[in-house]
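When the chains are written out, they are named A, B, C, D, E and F in that same order, and each has its own residue count from 1.
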Amino acid sequence: MPQPDKVTALADADESTLPEDLRPYFQKCRDKLGFVPNVLRAWLLRPEKLRAFIKLYDELMLAPSGLSKLEREMIAVAVSSWNRCYYCLVAHGAAVRKLSGDPQLGEMMAFNYRVAELDGRQRAMLDFAIKLTAAPYDVGEADREGLRGHGFSDADIFDLAEVAAFFNYTNRVAHGVEMMPNAEYHTLAR
Amino acid sequence: MPQPDKVTALADADESTLPEDLRPYFQKCRDKLGFVPNVLRAWLLRPEKLRAFIKLYDELMLAPSGLSKLEREMIAVAVSSWNRCYYCLVAHGAAVRKLSGDPQLGEMMAFNYRVAELDGRQRAMLDFAIKLTAAPYDVGEADREGLRGHGFSDADIFDLAEVAAFFNYTNRVAHGVEMMPNAEYHTLAR
Amino acid sequence: MPQPDKVTALADADESTLPEDLRPYFQKCRDKLGFVPNVLRAWLLRPEKLRAFIKLYDELMLAPSGLSKLEREMIAVAVSSWNRCYYCLVAHGAAVRKLSGDPQLGEMMAFNYRVAELDGRQRAMLDFAIKLTAAPYDVGEADREGLRGHGFSDADIFDLAEVAAFFNYTNRVAHGVEMMPNAEYHTLAR
Amino acid sequence: MPQPDKVTALADADESTLPEDLRPYFQKCRDKLGFVPNVLRAWLLRPEKLRAFIKLYDELMLAPSGLSKLEREMIAVAVSSWNRCYYCLVAHGAAVRKLSGDPQLGEMMAFNYRVAELDGRQRAMLDFAIKLTAAPYDVGEADREGLRGHGFSDADIFDLAEVAAFFNYTNRVAHGVEMMPNAEYHTLAR
Amino acid sequence: MPQPDKVTALADADESTLPEDLRPYFQKCRDKLGFVPNVLRAWLLRPEKLRAFIKLYDELMLAPSGLSKLEREMIAVAVSSWNRCYYCLVAHGAAVRKLSGDPQLGEMMAFNYRVAELDGRQRAMLDFAIKLTAAPYDVGEADREGLRGHGFSDADIFDLAEVAAFFNYTNRVAHGVEMMPNAEYHTLAR
Amino acid sequence: MPQPDKVTALADADESTLPEDLRPYFQKCRDKLGFVPNVLRAWLLRPEKLRAFIKLYDELMLAPSGLSKLEREMIAVAVSSWNRCYYCLVAHGAAVRKLSGDPQLGEMMAFNYRVAELDGRQRAMLDFAIKLTAAPYDVGEADREGLRGHGFSDADIFDLAEVAAFFNYTNRVAHGVEMMPNAEYHTLAR
């Protein structure tokens, strides 16, 4: 059985390394979620990098974009499913359930997004994300044209590519250090 | 023949969108390299994200780490070779040539790192980076133990995993938007 | 959003085709689970085959074996995860949660069994099941010897191979006809 | 050289375990073929399962279906070729030769079905079977629509999917226990 | 059904293009085999290249080597099986049957060489050939050391690598032009 | 760092084994290039085969063909990139640079030919070469028809298939014996 307090397979750092300016961020997590996501605790091993990671994460997943927050989370989960990343499937699967209010949608993104009955725009969005994940060198102008045909602007295509790409990064950090998710995610928004 | 001024397959943004606080950064590039790397110009389409990208990039590739700057560039190129990312192979291949003073080492990283006669530590580092790239869910404790046996600390393993993971992100942004490198890289440090 | 009453992408058959001798079996499902699993309703299109399918299923998953019922369900879910089979992940993921009383174990089998802290015997069992699924022609005597070293008898190896193989069959029927699971599974034993 | 009497790499069971009710079935094999196929002898290790296996096998391969017996054998061999299953290629390759009276057709199914000059319906049938075998999660409504365009009814599609799926099961049992075919198959219907 | 006289999917050339000096070679084929192998007829489209192809083929497959002629044919068939090349499987499968006097050995090489009970040296030889075929960039010094441990000299390793490599060439020419084998091969040495 | 004088990982042969009739060929290399390409020195281990190799190489790469010499070198490099063959990427990448006078074209072929802005004919040519390399059994009449639509004659298709196939051979010999390129190639035509 998994050890409930384990964050990664590396020597876990405690919060004593947390830079002063990031303390409010951790406090906000505790206030809002009831816990600090383990991904943040994992990065405490390299606290200077934590700041940059948070900044990029918030910019990509929370800032205004032509892609809704739910759509960005759907991309996150579909990519993490391709890469079989336990941490991200648990944490972002919960986010899809919560943002959509549809627990089955979360399961579909995590198990096989192709079974979800999405509109053409969202299906094209996820197909692009998975192609970019699985065979990035096969992505070409025809794929971008397909997205434009579904109404994606060039800025939207940039955001879509970057969000899909970003989870190819976090998935691999999670695999590389064996990051385990907080237990709280499992029951969230079921 | 490629168009020399093309940055991506998306609508290129000009520098009018560049936030004020990032202007010195672009100027520093011009002073030091003689040009602004196209990766930065590509991100001008989403200038708020550019700031976050620069911050993470600098933290990962330039800040102090148990991995030397050359080693981090070697990882960058080996990962980009796996993903067949033209932009990163050209730009970071030049960086390996420059930092090592060994043009053939740059070619080896870009074509097939396995032919380079590296010491066991560096070979293990690159094998880990490629395994994390190609089959991330197969990475496990035995791989981390192998790295520890070559003297990598847990913080070093974190840095190695994150650098390898990061280029799985930039490679996919580059493929997704078809980013083209500055012509200047091709002749650099040959 | 998925249509709650859809069983497959083929013309669904109603229970009028259900052979007389199988009616008690459907009734037992209703009594015990509260519903008839959609896999059985899917097979109503070819009711003679349903009888054979049920017989084999029950023999493999419920009859005495050196592998516990939970272990057989763990194999079912790990194999279905490799094949990304939505139906089987939902239905058998619920079974792992129920039989183990450990919801996280169900998630681990469905997302990436490698993160579960299993004993060596169960890990070897799942590694064999996945190798047989992903690269069957690479399975050889060394793999069987490994299982014997963990205490598996030859009859156990037969059962392990057959259960793993069987879900490579059901996964493909489910994909081939686009079988959708009953909604009830999602909240079961969370 | 292979040992002529070897059935599997597991402890072979003799016929003393054969349940009474299955004895006529074995006798019929001896009368009709001159031998008991090794697949049946392999299952003697778990005789209760043998009964269920025979029932499903006969239902799938011999009962009435919109797919001819030869077509079902062609699917069997093409799938077994993808999975490189020696047992099934030898035994079912012989069946294709026998049912078609065309030894080269058996070789084509076993080596590469794409070289056979089949009509569009049979080619679509085999393409579907191989896609379901190699990348089951990529099968979708467009594939089923393609089959319907060649005249396959929904019941035919079910049968096609199930036969292809079934050999993904038997192939993996054969690989898992290293099942060897009877020598008699090699010269049959050449 | 395949057209018996078809050699390739390209415009077949007749023997009028055959250079004078190669006429005795074709005659020798007719005297010895009873027919001209279609591979030679296929190359008539580019008769100057035919001469070079024959020369290399004879040097590799017929000239003295530390690998026996049968071993070279076993490599040919195992490689062709990996690449699913109908022409080479039919023609060289017949050669294995003929040279070994063991029809089942031919089938094993064509279907899955791993099931053949070979001595360690021959198994290592075929494993090397398949690794070089399937993942050439993963071949390294450890593989060559393994061969040396089985008694292969460096010249033998060269011959092994070249024969395996050569069939990666002929397999691809055959696939590229859809070369069909002479019907005579099918019944040869059964 | 690589040893400058190393030709392969096998016992290197010196030129004492070079057959008399091939001495002028080596001399011509020295006169024209300033060095003997290591591929020729590698084959000195089996000098009789060297003669056949040279003959085929010259016929394929230098003799008249509907494909220009540059196009044949572009195919060579794109195929070698797929197979990650260091020797061929270095040596033939230099040839592309030299024949085209466009150093970036050499890099594009070596890193990812898809980014080059080629006309439809050359792009189709390279797509065919890579498909034949990566999934030879998927090549079919539709692919050949596509080439014909771009003006390739059947003889051109033969040449294209054979050149692509040939580098699948040389790449694997190079990987199998770990052939290292002459240092002179690196700076050629930059």
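Note that in this section a contact is a pair of C-beta atoms (placed from the backbone, for glycine too) under 8 Å apart; a residue touches a chain by one contact, two chains touch by 3 or more.
What you see is a predicted model, and the numbers here were worked out from it, not measured in a lab.
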item: Chains in simultaneous contact with subunit B and subunit C; value: A, E
item: Option reproducing the contacts of A-C, where over half of them reappear, out of B-C, E-F or D-E; value: D-E
item: From subunit E, the most remote chain by mean C-alpha position; value: A
item: For subunit B paired with subunit F, centre-to-centre distance based on mean C-alpha positions, whole Å; value: 29
item: Gap in Å, rounded to a whole number, between the CA centres of subunit F and subunit D; value: 43
item: Contacts with two or more other chains, residues of subunit D listed in rising order; value: 84-85, 112, 137, 140, 178
item: Chains touching one another, given as label pairs in label order; value: A-B, A-C, A-D, A-F, B-C, B-E, B-F, C-D, C-E, D-E, D-F, E-F
item: Interface residues, subunit B side, partner subunit E - complex; value: 112, 114
item: Residues of subunit C defined as touching subunit A within the complex; value: 1-3, 81, 84-86, 89-90, 102-105, 107-108, 110-112, 115-117, 178, 180, 183, 186-187, 190
item: Subunit B contact footprint on subunit E (complex, rising order); value: 137-138, 140
item: Subunit F-facing residues of subunit E, complex; value: 9-11, 45-46, 48-49, 51-53, 55-56, 58-60, 63, 83-85, 128, 132-133, 136-137, 139-141, 144, 154-155, 157-162, 164-166, 168-173, 175-178
